[in-house]
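For reference, chains read A, B, C and D in written order, and residue numbers begin at 1 within each chain.
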Amino acid sequence: MLAKQKLYEVIFEADSRGGKIFDISLLLIILASIILVMLESVPAISKEYRHVLNVLEWVITGIFTVEYSLRVLIVVKPQKYIFSFYGIIDLLAVLPTYLSLFVVGSHSLMVIRAIRLLRVFRILKLNRYTLAGRNLARALRNSREKIFVFLFSVINMVLIVGTLMYLIEGPENGFKSIPTGIYWAIVTMTTVGYGDISPQTATGQFLASMVMIVGYAIIAVPTGIVTSEMIRTSRSNNTQVCPECLYDQHDDDAVYCKKCGHKIN
Amino acid sequence: MLAKQKLYEVIFEADSRGGKIFDISLLLIILASIILVMLESVPAISKEYRHVLNVLEWVITGIFTVEYSLRVLIVVKPQKYIFSFYGIIDLLAVLPTYLSLFVVGSHSLMVIRAIRLLRVFRILKLNRYTLAGRNLARALRNSREKIFVFLFSVINMVLIVGTLMYLIEGPENGFKSIPTGIYWAIVTMTTVGYGDISPQTATGQFLASMVMIVGYAIIAVPTGIVTSEMIRTSRSNNTQVCPECLYDQHDDDAVYCKKCGHKIN
Amino acid sequence: MLAKQKLYEVIFEADSRGGKIFDISLLLIILASIILVMLESVPAISKEYRHVLNVLEWVITGIFTVEYSLRVLIVVKPQKYIFSFYGIIDLLAVLPTYLSLFVVGSHSLMVIRAIRLLRVFRILKLNRYTLAGRNLARALRNSREKIFVFLFSVINMVLIVGTLMYLIEGPENGFKSIPTGIYWAIVTMTTVGYGDISPQTATGQFLASMVMIVGYAIIAVPTGIVTSEMIRTSRSNNTQVCPECLYDQHDDDAVYCKKCGHKIN
Amino acid sequence: MLAKQKLYEVIFEADSRGGKIFDISLLLIILASIILVMLESVPAISKEYRHVLNVLEWVITGIFTVEYSLRVLIVVKPQKYIFSFYGIIDLLAVLPTYLSLFVVGSHSLMVIRAIRLLRVFRILKLNRYTLAGRNLARALRNSREKIFVFLFSVINMVLIVGTLMYLIEGPENGFKSIPTGIYWAIVTMTTVGYGDISPQTATGQFLASMVMIVGYAIIAVPTGIVTSEMIRTSRSNNTQVCPECLYDQHDDDAVYCKKCGHKIN
């Protein structure tokens, strides 16, 4: 019973020395396994070291399988773990290798293990990063409607511009179909600009210029949305109220009220 | 008479169950019709399924025609609807297909139906999105002058840089004329960078480098304009109205109207 | 004497009806002359309409010459006008055509006339645009040091990265010399990305990836500088102090103090 | 003894006339040496002027060697200087030329001298630029966690998207391996968009469109982070120090220290 609890601490928590070592080793193995997938995809390397890479992949998958089984066995409520975010990711990290026995190429999906790197935040000073992440998420969530309205306008613009360019330039200039035109419009509006398709006619270049200037200018809109939301979030993060003077806009690290010097909380 | 009112509720409003079903069906048909236009423009698909697509297009156009007629017949003041924003868009959504009987290719303009997707905001919680949209629009309207000054400077810069590059690089390096030079300047300044035209001489590359750094840095200007305006707007989200002069853009911490000095709320 | 004063009003001021007509005509002629330069540079058009364009160019230059002479003759202190910003631009607008009698191709410099379009702000509600322009300029001026520090870091980074890429990729992959490498670094860092030169080796692509992520992230720095400066500028624009409660952060359009309702001068 | 102190003032300080002249000369020599490295790398120039450039390089390296030796000899605590940031840079500025006697091509590393240009801030009004630099650095340091979380998400996204594109497009469309796919994902997400690799299949172009829109939108996140941090930093430009606990980052409207509750100023 005690051994099980000890194991639980090592595997699920990062406070004890053993837990820390376990977490760091796990991260290193995850990193190794991601590099492995990449190397395997490079033809020159894959040809030469096929066997070594293959063995390593199975070793790592074995470790992950054991780890996953342990987690399921040790945890008090296995069902809750299995269907939690981390539980699903842990399972998905194991499956691709087994799947590759049946489906060729599917083992590249192992790259999904990258998400397991999220565990890195457990080793770092957890709270500060969780707070940072939560603040980011809150700012994005709060500006949900504005971002939706913005994206809707962009998609509408892209649909119409893409079709117009298809009509103006036509298949002979690389705009083979309306979807291609829309693809070009997105490439241009987001200022990516591959150049694999680009307008050749004067009219097309003029319309493209308009699209670019618009795309260049409207980047200001999401930026403005997120920034103003972040400023508001970072300001109203702290809900403490000074018991003495009722001032309520304290910084996160405030211990005393900056207005009257009274202790807060 | 009652039937007419019921129909009015279904077609024009989104509160009742019938109205909601009507609006969602309409959105799905609009989406289907946009996908239809796209598919028709892909040569491989268009060749194979010409007949099916053609029939579908006429069916959808039929539905839209009926819908438009109903709207005109049911509404109390038809003229007001016909010349309203939505009225014009609804008409434009129908015309291209009929036009295609006379002008080849014009049915691609059906893509204008994308604007009808705006109705999606009627089904979603309307108020929050309208507010978000109105705030965005207000921020952009308020920074009108600054954006105009900014765009004016950019256009001036682009005109002069484009001409200089035409003189430096010349037609032998792809800068065939001054308009081409200006097109290149816009492509570069907005950081799109297709690469279909790019400077070859050392002088040209040096000038291009300057343009890029300037283009990269001045994106900060519209962003700053819109962001600072949005922060101001979000601050004055206050909905209080001065009982004396009816001014309605008060700061959150306002106690007296800044326009007439009357006490608010 | 009276005629001279009347002429002065028409030419130099935009308040009277005559002045407005004069300014608008001038703007249209400037626009026409810019379009003229562009058309002349397009080989197909230039070949066909050489004579018409040539005549038009001389007519417009004639008009500008007369206008410039009138300005010099009418103004009270000719020297002050001649060496003012507008005076120099007005002269430069005339010179290229005369110069083209001696130097081939120099008449393209006529494009400098674009700067004359600045006069458009005289016709528009002058004050609001001047204020907008001045606020923009002030925000940029105030963040001078930060922008300098930022640009210095960017140039340093670009110099070092450009040289490294030259050493890594070498002339065989298009990085012909260190200046070329630096040109590539600027093209990449500013996210323009022509693709005329791009890394081919794995090491080069890895370094390039780093540069891109850095370039993508540090755009946040000038944006942050300008935005925070603009917010500060727009806030502290008004230096009025309420005589009653000494509150000093009034909006630009405030007539009464929003805190105590007292009139602010 | 006095001579040594005088020399110290000239070399290490920029207040006296001698010190200023020394610093400016040094800057010019550094600039000359950077231009030298660039010219040497251009084949056409290098061939013609090989001897001149070679001699100049050794002259400049000689000057720098003398300068470095003087600095070491004159300074009171040589060890502290040698291992300081500037000491290491000064040494690195000299080494490449000597190294080039043994390793071919290594003299291009001379470009590291660019970092020595940092001395320019010593000549300019030092304080304002140091302050600007420190504020920038502080804003970036304060938003460390948020930027880390952001970069982590971006890297994760890039890994997964890169692999997916490798599976979708495959080597026949230029996605030769997973690292290449990741390289493409970075090029696209950062809106650089070389176009040396670009998706050819419909599925690939659809996924690419998603990536572009995401990349275009999330630039708002680092911008928001840095901007909101800068606004906060510029607000707390307050230089007051708490007499009790020496905390020095008070808000402008602070009356009591928020850390210990002691009255400030």
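As a convention for this text, a contact is a pair of C-beta atoms (placed from the backbone, for glycine too) under 8 Å apart; a residue touches a chain by one contact, two chains touch by 3 or more.
All of these numbers come straight from a predicted model, not from anything done at the bench.
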- Message: Suppose you list every residue number at the chain B-chain C interface; are over half of them used by both chains (same) or under half (different)?
- Response: different
- Task: State the pair with the higher C-beta contact count; candidates are A-D and A-C.
- Result: A-D
- Task: Take the average of all CA coordinates in chain A, do the same for chain D, and state the distance between these two points in whole angstrom.
- Result: 27
- How far is the middle of chain A from the middle of chain C, if each middle is the mean of its Cα atoms, in Å? 39
- Query: What are the residue numbers in chain A that touch two or more other chains?
  - Reply: 179, 182, 191-195, 219, 223, 225, 227, 231
- In the complex, go through chain C and note every residue touching chain D. 145-146, 148-150, 152, 155-156, 159-160, 163, 166-167, 171, 176-179, 182, 188, 191-195, 198, 202, 205, 208-209, 212-213, 215-217, 219-221, 223-225, 227-228, 231-232
- Item | Complex interface listing, chain A residues touching chain C | 191-195, 223, 227
- chain B-touching residues of chain C, taken from the complex the two chains share: 34, 37-38, 41-43, 105, 108-109, 111-112, 114-115, 117-118, 120, 128-129, 131-133, 135-136, 139-140, 147, 151, 154, 179-180, 182-183, 186-187, 189-196, 219, 222-223, 225-227, 229-231, 234, 250-251, 253-263
